[in-house]
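Listed after this line are the structures, all set down as structure tokens.
In what follows, chain A forms one complex with chain B and a second complex with chain C.
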Partner chain A sequence: MDLASSSSASPVAVTAGRLRLKPGLQSAPRWAAPRWPPTVSAGSWPDQVSADWAYGGADGAGVRVCVLDTGVDGDHPIVGGVQAAMQVTADAAGELRVVPGEATDLAGHGTACAGVIRTVAPGCWLASVQVLTKGTQGMGDVLLAGLRWAVDEGYDVINLSLSTTKLALRNELAGLCDSAYFRHCVVCASAHNAPVLSFPWRFASVVSVASITPPRADGAAPVQHYYNPKPPVEFFAPGVGVRVAWRNGTMIKATGNSFATPYIAGLCALIMSKHPELTPFEVKTLLYHTAANVKRVAAVNGDDNDR
Partner chain B sequence: MTADRALLQPAVDTARAVFGAAASSAIVVGEDGGVLVFAAVAGAIAGSLVGRHMPAETGVAGWVLRSGESLRLDDLAGGDIFGGAAECGGYLPRTLMAAPLLCNDCCVGVLEVLDWTEGSRGELADLGLLGLIAEQAAAAWTLTHRTSVLDRHPDPKVVELRARIGHALSGVSGAELDRRIAVFRSLADMLCG
Partner chain C sequence: MAWDNQSGGTAWNEQPGWQAWNWWNKAAWEQQPWDAVAELASAGNAVDQLSPEQLEVARNLSPAEVAVLNSVKWRIDSASQAAAEGDWSQQAAAQSGQSGQSSESWGWRNAPGWAAWDKWNKAAWEQQSWDAVAALRAAGAPVDQFTPEQLSAARNLSPAEVAVLNSIKWRIDWAGGEVEGHSWNGLGII
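Now for the complex of A and B:
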């Protein structure tokens, strides 16, 4: 359909998959198509995308990852220090602010997430925002404040191993996740462990993650991820019986979607480290192409040795 | 026995029995939201824990309460490595599993089991089962507390409606009273389905 002759106010017409300006329009607004064809940053993608091409040899260097959680024990040997430790606190007027804090963990959960990310992407720049606050402040408002700060600070990857069931926060949370998406920030969010309506993992703008049960005979968690063709959960990753860092320098075995999410966040850091120009859409596409259950034509034909 | 304990004790007892756990507890948010309160306990930590308070951000319970996510922790080696010895009443478990008590769109508490022996279903299945028990407990808690919350903090419109109905029914009796009550019932059926 040629929209150029329609009464639509849109300056952009789509014809047979091609983009062109309406007749008579000298220029298009920036959000439309300032030049044609637009420069595709990942235009050099190979015909066959492999894990090696996506993140082989990368260590996450140059990528800033932010963990919104209980705080992170920066002294834990698995974590190996954090480059920034922030916390959400309420000032005297009750206004929530994100201020520098100590690299400590109130429960251990944030240290576990940070440890997984550091294990997958040891070279990344890691920051902690403690959103488990003392007192009566609800998690929802604190989460919003922490997420807003991380998006405004321009982090490349944000790990959210948490969710909220508060419907009143849905729109604001969705707006923040959309802002992150358009700013080239990948938000990795844990799916809820129970079948309840919660956010932000259900938003299309984030990478939603759940756990997989180890399929290997020895019970060890597979170190790979899987694509889920039936969203809203998009990816499965190791999160069952995984050994994670915890408080006081200890290691424990833990199960939950919380621990699968930082694995994917770490993978995103590797991808963005090797291909810093990629958009969140392209990063998610690479996660899909490198998933263990996505077979490429070459693999199906039995001549693929490069996953 | 308090109303909360009466409601949640069956869930705690069920969780402990299903998982063959050394202990189980239901911890709910206190009135001001700043504390967690042991509402019901069973097993090794029973003692006099019911009614005991602790800060709302304490340990795994504090995190599950705020994040709404259930989790399972193994190999705790009996140490207080999650800063939550208080949530176990001083008992130091080797394993801990926690699920949120979700009431409508907020988390009102946490159901925990400690040191289970029946874990053959698999980690995720165990988490799912505990979540189902927590869901059942939260549903009962919700129904009861919706009524009590409305009684303590009634909607002004409801208060006004009650007053008007009371006024309309006062001073009448016999057949006229029956007629007016029938009108109100019809109205309620029409409005509430």
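Now for the complex of A and C:
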């Protein structure tokens, strides 16, 4: 895919792995402006937080989302193009570098994740970093390099539908996730499908997601997410038997926490699009307040049926 | 290859029924080249998602291992499909040409050696309380994502079947990368 043409709708262009303003653009987009010190004030939240207040009317515009996965097929109609496609390669000295690559997918997994994000937040700025290979697997060093790049580039949301069981990677992964957190970047990480100890989804600095069976597809029930009062998995989203984009422009029915995570990442993009001043802590709080199984005390007592 | 049991055997393949099962598979082995990956793919397992190292593990699976895995996958998939299309027992009866709910006459159970193999499993079943789902879960299989119909089918798996599944999963996982995506294909084993 031609990245130059695919990024025409974006206010930025990619050059050697760095972002710069396109010629003729007078000012940086909202997400590119410094966010420090934070502009949110203690009194800016409403008395009652609702889904409509959190992300109603938002489409993710102005929010930069990065998918670290098997790559993303930018030509897939569900994805609708990616604004940056990067890959991790080793230079002559053996040092790993993140460089521009083709918007292609080695397995389909990354395209599926990007498709979910684009469906939830169609207006977001979407980037792909290829850290997994054909077998939906990869090396720890490559993941660390890709994640470090995404954090350094200041992405607003990072989707990680993956994890590692290697304890040797734990500390460095935790450090990167903490860095993202303090740079106001929300990292959405998929829980392992099996009950094993893996990372980074178990870190408190990320939003951890597992999957549930989606509501009926006939519109009888809206797509919702749920809060889990028994962490480390914090949220549940549709990820069982869901139709997702796949390689070569196809769609498949798939299951896995991988596909629930981008749903939450998309929601985060919507929230940050409408409230760009919010921190990851506040975004996670909004996810909690807008979860289908979290009710206001008044509603529980029967005084108010509205959340 | 481990499949060619020339080293005197182990407790597993000395079990009653194994000799006949082994003979049948050996005969099949000698008649045509064995391609475990092709057999797995033909049953709908997502072998194209395996890394080269994992594919090498898959290539070395024996006919008996692949037969067990494909058989289990077929039953789990059938349970899932039945949930969407109607009553499972009725479909099974229609397929077997009988009106009862027994699955004893299904094609894969008519294979030579299966009767003794099945009898051994039944004996093990009767001797102790067996929780196939718990055993699969303990090995890391994503049984918590099964539908109720699939869980029902999984509960009927024998100890030997689960042992084979878990053994394959352990070898495939061991050959996997340091980082893995969290999609789930088929049984989550192949």
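The rule we apply is simple: the second predicted complex is superposed on the first by the 242 of 307 C-alpha atoms of A that agree within 3 Å, B and C clash if a C-alpha of one lies under 4 Å from a C-alpha of the other, contacts with A are read in each partner's own complex, and residues count from 1 in each chain.
Definition applied: contacts are C-beta pairs under 8 Å (C-beta built on N, C-alpha and C of every residue); 3 or more make two chains touch, one makes a residue touch a chain.
Treat the numbers as computed from the prediction; the structure is a model and nothing was measured.
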| item | value |
| --- | --- |
| Superposed partners chain B and chain C on chain A - clash or fit | clash |
| Partner chain in contact with A:273 - chain B first, chain C second, else both or neither | neither |
| Contacts of A:130 with chain B and chain C, given as first, second, both or neither | neither |
| First (chain B), second (chain C), both or neither touched by A:205 | neither |
| Partner chain in contact with A:104 - chain B first, chain C second, else both or neither | neither |
| Contacts of A:70 with chain B and chain C, given as first, second, both or neither | both |
| Touching partner for A:159 - first (chain B), second (chain C), both, neither | neither |
| Which of chain B and chain C A:190 touches, first, second, both or neither | both |
| Chain B versus chain C as contact partner of A:87, first or second or both or neither | neither |
| Colliding region between chain B and chain C, picked from 20-28, 92-100, 110-118 or 164-172 after the shared-chain fit | 164-172 |
| Those residues of chain A which chain B touches in one complex and chain C touches in the other | 70, 107, 109, 131-136, 138-139, 142, 161-164, 166, 190, 192-194, 196, 211, 213, 240, 254-258 |
| Chain A to chain B touching residues, read off their complex | 70, 106-109, 131-136, 138-139, 142, 161-168, 190, 192-194, 196-198, 211, 213, 240-241, 243, 246-248, 250-258 |
| Chain C to chain A touching residues, read off their complex | 48-52, 54, 137, 140-142, 145, 147, 176-185, 188 |
| Residue ranges of chain B touching chain A (in the complex, touch as defined) | 32-34, 55-57, 59-60, 62-63, 65-77, 79, 81-84, 99-100, 102, 105-107, 122-124, 127-128, 131, 135 |
| Contact footprint of chain C on chain A as seen in their complex | 69-70, 107, 109, 112, 131-140, 142-143, 161-164, 166, 169, 190-196, 211, 213, 240, 254-259, 261 |
